[in-house]
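Here chain A shows up in two complexes: once beside chain B, once beside chain C.
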Partner chain A sequence: MKVLLKNIEHTYMKKTPFEKKALANVNVNFEKGSFTAIIGHTGSGKSTLVQHINGLLKPHSGQVTVGGHTIDAKSKRKQIKALREHTGMVFQYPEHQLFEETVEKDLLFGPRNAGKEEARTKKRLPELLELVGLDKSFLERSPFELSGGQMRRVAIAGVLAVEPKVLILDEPTAGLDPQGQEEILSLFKTWQQQYQTTTIMITHQMEEAARLADRIIVMSEGQIIMEGPPSVIYEKQAELQTLHLDVPEQVKVLKQIEQEMGVTFSSYHLKPEEAAVELEKRLQQKKGDTDV
Partner chain B sequence: MKAVTLQNVHFQYEEEGPAVLSGVSASIQHGEWIAVIGPNGSGKSTLSRLFNGLLLPRTGEIYINGKSIFSDDDLPVIRREVGMVFQNPDHQFVAPTVRDDIAFGMENAGVPREDMLQRIETVARQTGVEDILDKEPHRLSGGQKQRVAIAGVLALYPSIMVLDEATSMLDPNGKQEVLHTIRSLHASSDVTILSVTHQLHEALMADRVWYMENGRIIHDVTAEELLHNLDWLQEKNIPLPYAASLYQSLAHKGISSRSLESFLWREKSR
Partner chain C sequence: MFEHVIIGQYLPGRSILHRMDARAKLASVFFLIAAIFLTNSWTGYAVLGGAAAVIYLSSGVPFRYIRKGMAPIFLLVLFTFFIHALFTREGDVLLSLGAFQFYEDGVIQGLFIALRLLLLVFLTSLLTLTTSPIELTDAMEQFLSPLNRFRFPAHDVAMMMSIAIRFIPTLMQETEKIIKAQTARGADFSKGSLKDRAQAFVALLVPLFVRSFKRAEDLAYAMEARGYNSGAERTKLRQLIWKTRDTAACVLIVVLVAALFLLRE
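== the complex of A and B ==
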């Protein structure tokens, strides 16, 4: 499902001393089945932006279109609800939102609210749990006796159970160990490819963005200031640094080695083993040159 | 006398429940910085909660500065000597301003007012929060919040500071701020530090690293030894950061890079 944001403006605490313009004139499209990462400093407007897509916030001016539904400042609650049916949002630390007695009940809650047929949802639960790295033995367990990582998986399964056309992820790997991060990220990638879900992920980690997204949006002070494929964004090291955003570790490391050793890598997207092989080859070439 | 001695410590949350710690023995010297790494569920956080008796071992012994954690007379002293900083910056505040929040622990400990003012000034300088003492804690950034939490702990003059994933909920800048604070604390004072972390590059800043798995310390090595033995981290399916993984691949080929090494140690030298 396609998402269009047109001239979006949003101001918090309007007409108070704390008034803050959170979004100013934001225009952006998310194509069906695309995977976009949104990066920006704390307070840059990332969360405010995505909250417009699932109807948690209404724009003060401009229009949000999700599939066939458009909302603006004058939209009524009922219209906003229609938009919410198609979008699933994995909030930060989603495990804090588990509340039912058993994992099964928790997973059925969302689809029931969205008006899905219960019998069908029930049948799909084992498959869904498997996708998030758990098995059906978890269905009867209390979500509160699970480990933090397991709770996160259950919470994510709860969002996926609604089969959203648009999936919004707000720092989905925060606080997980590196292995857990890998697993969660690859599950979202699998889901996006399998269901052609339009996926939008907020992250602080450039590495995550580089690995998953086909497009990166950089935000600062309520505006989109860069947009493009990861390889293009990472070339703009100086600009990113003025925004206090880091280029991925690998770009930094490879550039430093280039300077130290006087070599050039074919790309900054090489895997570590590939970079090592390439470096070895370049060094041998150099040695050959000086020997002659 | 060691700062911390753990002797064959066993722990489980429920009588019939699974063992969370199964036979941990180790010790920490005064002024040493230990980083604890390992997968989720390996017992890292549980271990850190034993240091000031938040949890008590089922069997085994823990001595903090020579005092047993099982001694009812010594436990209040141990609680004062061991400061804890937790993961969530929003769960650690009680007072309307940063200054009052730092004072809160001291009020409970009965520190005289004159002393208190002096200590607030000192710890605020150590953690770089001098300029925000009159701010409301909930209006601060995550990094500032954690530094205020550290200041509140330091004001009680602990001899041991336990940080349980204190940076994992922060954005990259916040992480840097807090790590910088911990590093300068380590360099300028003799506080013993135990930090639980998922980040390999944070662990490399410490003097020694404990790798935990299934409730045991499997490796107890210096940071240097860890860097030279990355193979076993990889065998355990622990994804290495790019620089570490490249370092490892190059080491296998006998290539060394000064810039790569200084990148890996960047936190130490800075």
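== the complex of A and C ==
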């Protein structure tokens, strides 16, 4: 499903001394089946932005369109609910939302609220659990006796269980060990490719963003200040640094090699093997140049 | 969701009232409340009303905050007024509406009670609006500390209060976060059948309790690991500082209360 945000503004605590403008005139589109990463400093308005996409927040001005549903400042509860049915959201620390006695019941909470057929959903649960890296013996266990990482996986499965057309991920890997992060991220990538889900992920890590997303959005002070494919965003190292956003290690390594060895890479968005091949080629070229 | 709830109703600021020592404010409010209940004449209420207005003007608090704080008790005020006005059958009949008769004394008594309630809430709102909860507990602890001699755990009570206060914002944020997470999963907290809503609240309360117990446990361990011991002598990071103006304010209040006492009929 396609998502369109038009002239979105949002102010928290309006008309109090604590008033805070969190979004100022944001315009952005997310194409069907795309994978977008949003990066930016803490407090730059990332969470506020994505919470508009499933109607958790209403824009104070502007419009949000998801598929055929549009909401604005005056939208009623019913319209918002219709829009919400197509979106799934994984919050930071999603394991805090578990509440049922068994994992199975918790996984059924979302589909039941969405009015999905229970028998069909139930049949799919083992497969879903396997996708998040758990086996079906977990269905009967209490979510509160699982480890932190397992709880996170159950919570994520609970969001995927409704098969959302738009999937929003707000720092889904915060607090996991590197291997766990890796697994969860590839799971989202697999899901996106399999179901053509429009995926929007907030992350602090440039590496994550670069590897998974086909587009990166950089936010600062409630506005989108950069937007483009990872390779383009990486070229703007100086600008990223003024925003205190770190460039990925991989880019730093390539830059350092360029400086020390006097070569230039075609892009900073290369896989290690590609970079090695390219480096070898450049060095040979260079040697050839000096031999002549 | 909770955007319009102001924690403990405290409104940070730099007014005279904000900068006064919390102990001076607490003592003043205490004396003024005593005065409110002692007063029984129109002149007395006029003087009290004037004092309340002066205090309000020195607080720099926008009036809508006071209005919001007072709104919930307004019904109570109306209700008590009518109870008194209708059921005190003394003095001349002022007005009779069908079966209801309003007697002069009843109306006067009703007005007095209504005024008392309004002044009470007005002054305590000003206290909490201009004093941070932590300063307030510190002040209370100091006032309660003489009771230590009678084995009243003034420090522990104050510690419990400040921890509770410290966690109100955390709890509200957590509540908001879980409401959002469950709403995103299709739960409906505001509409729907009773059964649906009950289920939505279970989905909110269970995680909230689980998290609160977890947090209490973590905090207890952290405090113990740093050698917290409830009986120990302790110094404070923020000292309450008593200035000349605090003495002056207290003297003024005492004079006012004495004057009000003399105005009693």
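The definition used in the following text is that the second predicted complex is superposed on the first by the 262 of 292 C-alpha atoms of A that agree within 3 Å, B and C clash if a C-alpha of one lies under 4 Å from a C-alpha of the other, contacts with A are read in each partner's own complex, and residues count from 1 in each chain.
The rule is simple: contacts are C-beta pairs under 8 Å (C-beta built on N, C-alpha and C of every residue); 3 or more make two chains touch, one makes a residue touch a chain.
Predicted model only: the values in this text are computed from it and were never measured.
Once the two complexes are laid over each other on the shared chain, residue contacts for A:Q259 go to chain B alone; chain C is not touched. Looking at the shared chain after the overlay, A:M89 reaches chain C, while chain B stays out of its contact range. By the touch criterion stated above, A:F144 is placed in contact with chain C alone, chain B being left untouched.
In the superposition on chain A, A:F99 makes contact with chain C only, not with chain B.
Residue contacts after overlaying the shared chain place A:E273 against chain B, while chain C stays out of touching range. In the superposed model, A:A174 lies in contact with chain B only, and not with chain C. Within the superposed three-chain model, A:P248 lies in touch with chain B and out of touch with chain C [touch as defined at top]. Applying the stated contact rule after C-alpha superposition, one finds that A:T42 touches chain B and leaves chain C untouched.
In the superposition on chain A, the residues of chain A contacted by chain B and by chain C do not overlap at all. Against chain C, the residues of chain A that register as touching in their complex are 12-14, 16-17, 51, 54, 56, 77, 81, 84-85, 87-89, 91, 94, 96-99, 109-110, 112-114, 144, 158-159, 162.
By the touch rule above, chain A contacts chain B in their complex via residues 41-42, 147-149, 174-182, 204-205, 207, 244, 246, 248-250, 252-253, 256-257, 259-261, 272-273, 275-276, 279-280, 283. Note for the complex: chain C touches chain A at residues 3-4, 6, 11-12, 174, 177-178, 180-188, 190-191, 202-203, 206-207, 210-211. Of all residues in chain B, only 39-41, 87, 141-142, 165, 168-169, 171-174, 198, 200, 237-243, 245-246, 248-250, 252-253, 255, 257-260, 263 touch chain A in the complex they form.
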